[in-house]
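Working notes, beginning with the structure itself.
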C-alpha cells in the first residue's frame, strides 16, 4: 500500500481532528428553513454547510420533456464559489454535473413518481462550505427537504462516506483525509430496506477493504438515519404543538 | 473631495474640449436612415456615433413569452468591438446587459403597450464610436427611431448625463471626463411630463451635488429634447413636401 | 509566383510521397459499417480517415423548424480532437461550421427533398485522422452513406481537391502540400451531370491556373466516382448474394 | 392569462389599496426598515463572509482572495469583482443557469456601491503586493437564498459585512525573483469606512423604504442609493418601468442620511468579532 | 406555409421571370454594379475604418490593433482576424446572438481574401515587432447595418478600405528588457497592393453580378472570388444549394478582370485621405 | 405515450422475461463477455490510439500530448484528462452539442479508473519535464462510434489501450533558459501495469455482466468497477435509479478478479506492436 502524503493518524490512533476511526463528525439538520421553497433543509456536517430547496410536484415546462406516466426528478448540486479552497467559477463543472445525476438517480428510488404524471420535482442543493463528503450530506439533506415539501416517499436516502487512511478503513472522511488519504468511498442507501442507491470509490482498495468499507458505511448510515428521522419528526411535532396551541386559543 | 487624476479644467475655467461647464456637445440626429428597419435613427453626440433600428409591433416568437394583455419591449444595447479603446469581444458584457435593461425600462413608460397584445417592439442599438454618455444618447436615438416606426408614444425619452469634475458639477461628460473625473450621473426623462425614467450615478457626490446635478440635467435634457422634436418633425415635413410635390404633379 | 516554403517536388518531378503530379492517393470506401445508423460509410483517403452516419428521412424536432413542402438536410462536419497536429478542443470551430454549411449545400442538390415534407435528413461526419482534402473526402463518404440509408438520390456528390505546388497544378493535395504549397482548390460535383456543387480556393492562382485546376479536378473526380459507384454496388451485390444464399437454404 | 399572472394582478391591487390608506401589508410605516441580522464569518473556506437575514430575505456573501496580475490600465490597484447568484433556491420563479439581466444589474449595483465608495484602498501595499505584477483579486459572491424582497439592500449589506470581516494571508515578497510566499498568518483587509444601500419602491403614487416581497413584486419603480459613512452618495440606480419626479428624488435624498445610520452601525458591529467563531452559525 | 414563405416564393417567381426576359428588378444589366461609396476613417476609436454604401447595402468595417504574442507556428508573423456581425439592425429576419453559419461563412471568406492576397506583409518589422514575442494583432470587424444584398462584396470592400486607412502607433523597442513602448505618433499600416471581391448569383439559368436583395434572396447559387491588383485569384467560394457548370465558371473568370478594376480604384481613392477628417461622416 | 417510449417498454418486458428464465437476448450466460477486438495505433496524428470493437459497440480512443504548465497544487506531476464524445454517429437518439450528463459521467469514470490506478507515473521525469514549469499534458479523447451497449467498459479499454500504445517525442532541456526542444524521435509513455473496467447491469432481480444494447436500455441499475493488474479496486460507480444490496455488491466483487484477467491480457497484447503499422486499420 502507498503511504499517505502526510500523517493522517495521530500517535494515539486517533484522527487529525481527534475522531476515532469509525466516528462520524457532528451533524445538525433543520427543515423548513426557507419561506419560498415548498420544502427545505439546512444541514451542517462537520464544516460542511449545505442548503437544499425542493419545489413540486409541479407542472414541467417545456411540456415536451414531461413524461405522461410519471413525474421526473431534476437535481442541481452546486458548489458555492467560496465553498472550496480556490474560488470556483459560478459555471458548473463536470464534477457537479456528475453528482447531480447520481443524486437524482438515488432520490428516484424512494419517490412515488407515477403518482404525478407530467410533473417535475425540483431539488436544488448548494454546498455553502465544503469539507469532504458533500454528496452524502447533500443526499441526506435532500431527503429531509423532500419530506418537508410533503412529497410522499417510500423511505429516506441517507449517505455517509468511508475511506482508507494510513492503511485503515475509516468512517466519514474530512477534506484533508480525502485529499491526502488512500481512497474515498461514498455510499448512500435507503437504510430501512437495505437498498444501496449510491456507491462510488476512488483510490486503492483490496476487494476485502471494499467489503469492510461497505459494512462500516451501512452502520454509519444507520446513525445518520436516526438523526434524519428525528429532524423530520421535529417538524411535525412543532406543527402538532402549533395546532394544540390553536386549539387552546380557540377554547 | 478627491482630486481629479489629471487636470480636467483649463485655466480659463473651460473644459479640455473648450466647452463651458454647462455646455452640451454638438448633436446631430437623422431618422429613417435604414431601408430594412421599421424605424431607425443615426445620432452623433460629440464623438459618439449611434445607430438604432426598431422593428414592430410584431408577433413575438416563441409565443410562450408573449403577454396576452400587452406588447413587450426588447432592447439590445451593444458596443461595437471597435468603438472603445481596447477592442471589445463581440459577446456582450455585463455592462451591456445592464444598460439594455435600463433602456428598455425607460422606453416602457412612453409606449402604449396595451394596444398591441401578444406583440413585441424590438429596439436594437449599436454604439459605433463611444465617447462618454452613450446610454443617454442611445435613449435619445431610440425615441426617434420608435417615432420613425410610427409607433404611438406618450412622449419622448431624452437623456443627458451630468457629472463632477474638479469639484464642479458639469454637463454632458466626455469619455476622459468620465474616466478621470469625480463622478458621472446619467439622467433620462420624458421632458414634457417631468417624469424621470433613468437616474444612475457613480463617483462621489454630496446630496446637494446630486440635487444640483439633477436640475442641470433637466435643463440640458430640455435642449436636447428640442432638437429631437425637430428631427422627428423634419421627417414629416419631408413627407408633406413629397405629398405636396405629388399634388402639384397631379395637377 | 512565390516559392514554396519547403521544396515539395523531388528532383525526379515526383511529389514528397512519391506520387505523380496528377495522381490521387489510395482510397478505400466501405458502407454499412455502423449498426445503429440508417446509413454509414467509412472512407480512407491517403492518411485521412472519415466516418459518416446518416439518419432519416425522419421527423424534425422542434417542429417549427420543419418545412411543410420538403425535408431539410442537416450536416455536421467535425474534426476529432486527435485528428490534427495540435489537439483540437471538442467544441466546433468556425472552419467546421463553414464546411458543414458547404457540405449541406452540396448534398441538397442531389436529394429529392420535396418527397419528404416536414422531414430531416441528418448527416454526421467525423474526420478521425486528417491529412488534407477532408471536405472532399467527407462529401464523397456522405454520398455513399446516403445511398446506404436507401435515400433516393439524383446522383452522387464526389469531391477532389487540386492545388498549386512549386508553380505546378497538382491533384489531391496532402496536408503538407496544402500548408507549404501555393494554393488549395477543393472541388465537388455530380460527375454524371457535370454540375459543380462546391468550389473554393485559397492561395495564389492566375485565372488560367484556376481553369486548369478545374479540369484536372473534374478528371480526378471521375476516377473517385468510379470507386464510389463500386462501393455502393458492392453492398447490393452482397445483399443479392445473401438473398441467393437464403434461396439455396430454403430449397 | 396564466394563473400566476392573475395572482400578480390581485397582489398588486391589494398592496396598492393598502398603501392608498397609508398602510403596508406587513404593518410597517412607509420608511420603516424590517429587522436585520448580520452573522459574520459563517464560511470557513472563505476569506470573509456574512449571512444577512433582512426581514425574511436571506442572503450569503463570501469573499475569496487570490493573487493575480492587475489590469493593464490600473497596474497599481488590487482588483475587486462582485457576482450575484439569484439561486432557484430563493424562489419558485427563479431558474438556474448563467445570471440573467436581474442578477447582472444586482451585482453591478452592489459592485459600484463598494468600488466608488473607495472604502477598500486598492493601492494599499497590502492589496497591491508587487506594483504592476501581483495584486490581490477579491471575488465577492452573493448568493440569494430566500427572496423576501429588497435584494439590493440585503446583498449590499452582506457584501460590505463580508469585506469588513475579510482577512488575507500575509505575503512575503522576494524582490529579486519577483516571487511571493503566502504565510498561514492572516491580517484584516485594509478598509477606510463603510457604505450601505437604501432602496425605495414606488407603487402607484406612494414610495416605501425597504420593500417586502409583495411590494417588490408590485412596484412600478425602484430607486437605490449607496451612501458612505461620510455621507457621500457613491452610487444611485433607478430601475423598472415606472417613473419618479425630481421632487421625489430630492425628498428621498433628504431622508437618506437618517435611514443609512443604523445600517452602518450594524456593519461596524459585525466586524468586532473577526475570528471564525463557533458561536456564529446559520440560524434560519 | 407561413406568409413570409409565400412572399419568398412570389418574389423568386418575379425575379426569375424578369431575368428570363434579360431584365433585372432594378433595371441594371446582368454585369452592372450598383453605385458604391466608401467613407473612410469614420470611427475615431478605431485604428482604421470605412463605411461602405453599396447600392442600399450599408456596412461598417473597423480595425483595432493590439500588441500580443504570435501563434507558435508562425512566430515571425503579425496576426489578422476577421469577424462579421450580421446585426439584427440590418434586417427584420436577423436575430441577435453569436454568429450563425451565414456570418461565419461571410467572415471566413472575407478573411481568406485578405490573408491569401498577402497584401499585408505580416513579417514586416512594423507588424512583427519582436520576432517570436510581440506582434501586432489586427482585429477587423465588419458590421452589417442594412442588408440590401451582396454582403460578401460590400464586407470585403469595407475590410480592405479600413485596412488601407489603418494607422498604427509607433513602437519603441527596449531589446534588453524585451519591452516595448507605444508612442502617440501613428504611421500607416504597411500594405502591398489591394484586393477586391466579385460576387455572382445564379437564378435558374441566369447569372448576375452584384445581386440586389431580391436576387440575393431568390438565388439558387452564389459564387464569389477575390482578385488582387496583380490579377491573382486568391480566394473563391461557391455557396448555396444550386450548381454551376465548368463553362459557367470559366466565363465568370474571364469577366472578372474588367469587373474588379473599378473596385480596386475605389480602394486606392479612399486611402488618399488617411487622416481623420471631419468632412467624412456617415451620410445615410 | 410516444412510439419510442412504447418500444422501450416492450423491449424491457422482453429482456426481463428472458432473464427470468436465465436467458439473455444474445444467448450468452449471465457472466459471459462478448468478443472483443483491440486495434491499436489507428490514428497517425495521435500520439497513441486504439479502436475497440466490443460486441457490436465500436469506440475510438486517441491520446494527444502537449507540453504545458502543471497545476499549481501538483507542480511535479504530468497531467491527464479524459473526455468522452457520445457522438450522434453512434445512435439515432444522441444529439450533438456539448457533452451531456451521460457523457460527463462516462468520461469521469474512465478518468478515475486510469488516474487512481496510478499506472501512469505522473512524477516520472519523462512526464514532469521541468518540475513546476513544463509537464506533458495527455488528452485522452474517447469517441463512441456505434453504441451496442456497455460503453463504460469499451471506453475504459480503449483509453487504456491507447495509453499503452502512446509514444511521446523526446525532449531536450536547456536548464539555463528553462526552454525545451522536441525531437522527432519518440519513446513509449512510462507505464506501470494496467487497469480494466467491469460493468454489470441489474434488470429486475438479475445481474448480468457486459450488458448488450437491449440490456443497457432496459437496465434498472448499473455497477462498474475498475481493477488493476495487482487486483486493486481503484474506482467504483453505481449508476441509474435502481438499487443493489450489500450482498449483491459482495458477490460482484468476488466475481471480478476472474472477469478482469482476459481484459488485462488483451491490453498487454495490443501493446506488443507499438509502431504505426499499415496492417492495423479499421475493419468495421
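In this document, chain identifiers A, B, C, D, E and F correspond to the written order of the chains, with residue numbering beginning at 1 in each.
Rule of thumb we're sticking to: a residue touches a chain if its C-beta (ideal position, glycine included) is under 8 Å from a C-beta of that chain, and two chains touch if they have at least 3 such contacts.
Quantities reported herein were computed from a predicted structural model and do not represent experimental measurements.
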Q | Count of contact steps on the shortest path from chain C to chain F | A | 1
Q. From the centre of chain C, which chain's CA centre is farthest?
A. D
Q: Just grab the chain with the largest centre-to-centre distance to chain E, centres being mean Cα coordinates.
A: A
Q) What is the distance in Å between the mean C-alpha positions of chain B and chain D? A) 29
**Q.** Chain centre separation (chain B, chain F; CA means) in Å
**A.** 58
Q: Express in whole angstrom the distance between the two chain centres, defined as the mean CA positions of chain D and chain E.
A: 47
Q. If you go round the ring from chain C to chain E and onward, which chains do you meet, in order?
A. C, E, B, D, A, F
Q | chain A residues touching chain F - in the complex, by the definition given at the top | A | 2, 68-69, 94-95, 97-98, 100-102, 105, 108-109, 183, 185, 189-190, 194-207, 209-211, 214-215, 218
**Q.** Residue ranges of chain C touching chain F (in the complex, touch as defined)
**A.** 30, 33-38, 40, 42, 44, 47, 49, 51-53, 55, 58, 76, 80-87, 90-91, 122, 124, 126, 128-131
Q.
With touch defined as at the start, can you tell me which chain D residues reach chain B in the complex?
A. 1, 101-102, 104-105, 107-108, 112, 115-116, 118, 223, 231-246, 249-250, 253-254, 256-257
(Q) For a test of understanding, state which residues of chain F touch chain C in their complex under the given definition. (A) 42-46, 49, 56, 58, 60, 62-64, 66, 83, 85, 87-92, 96, 98-99, 139, 141, 143, 145-148, 281-282, 284
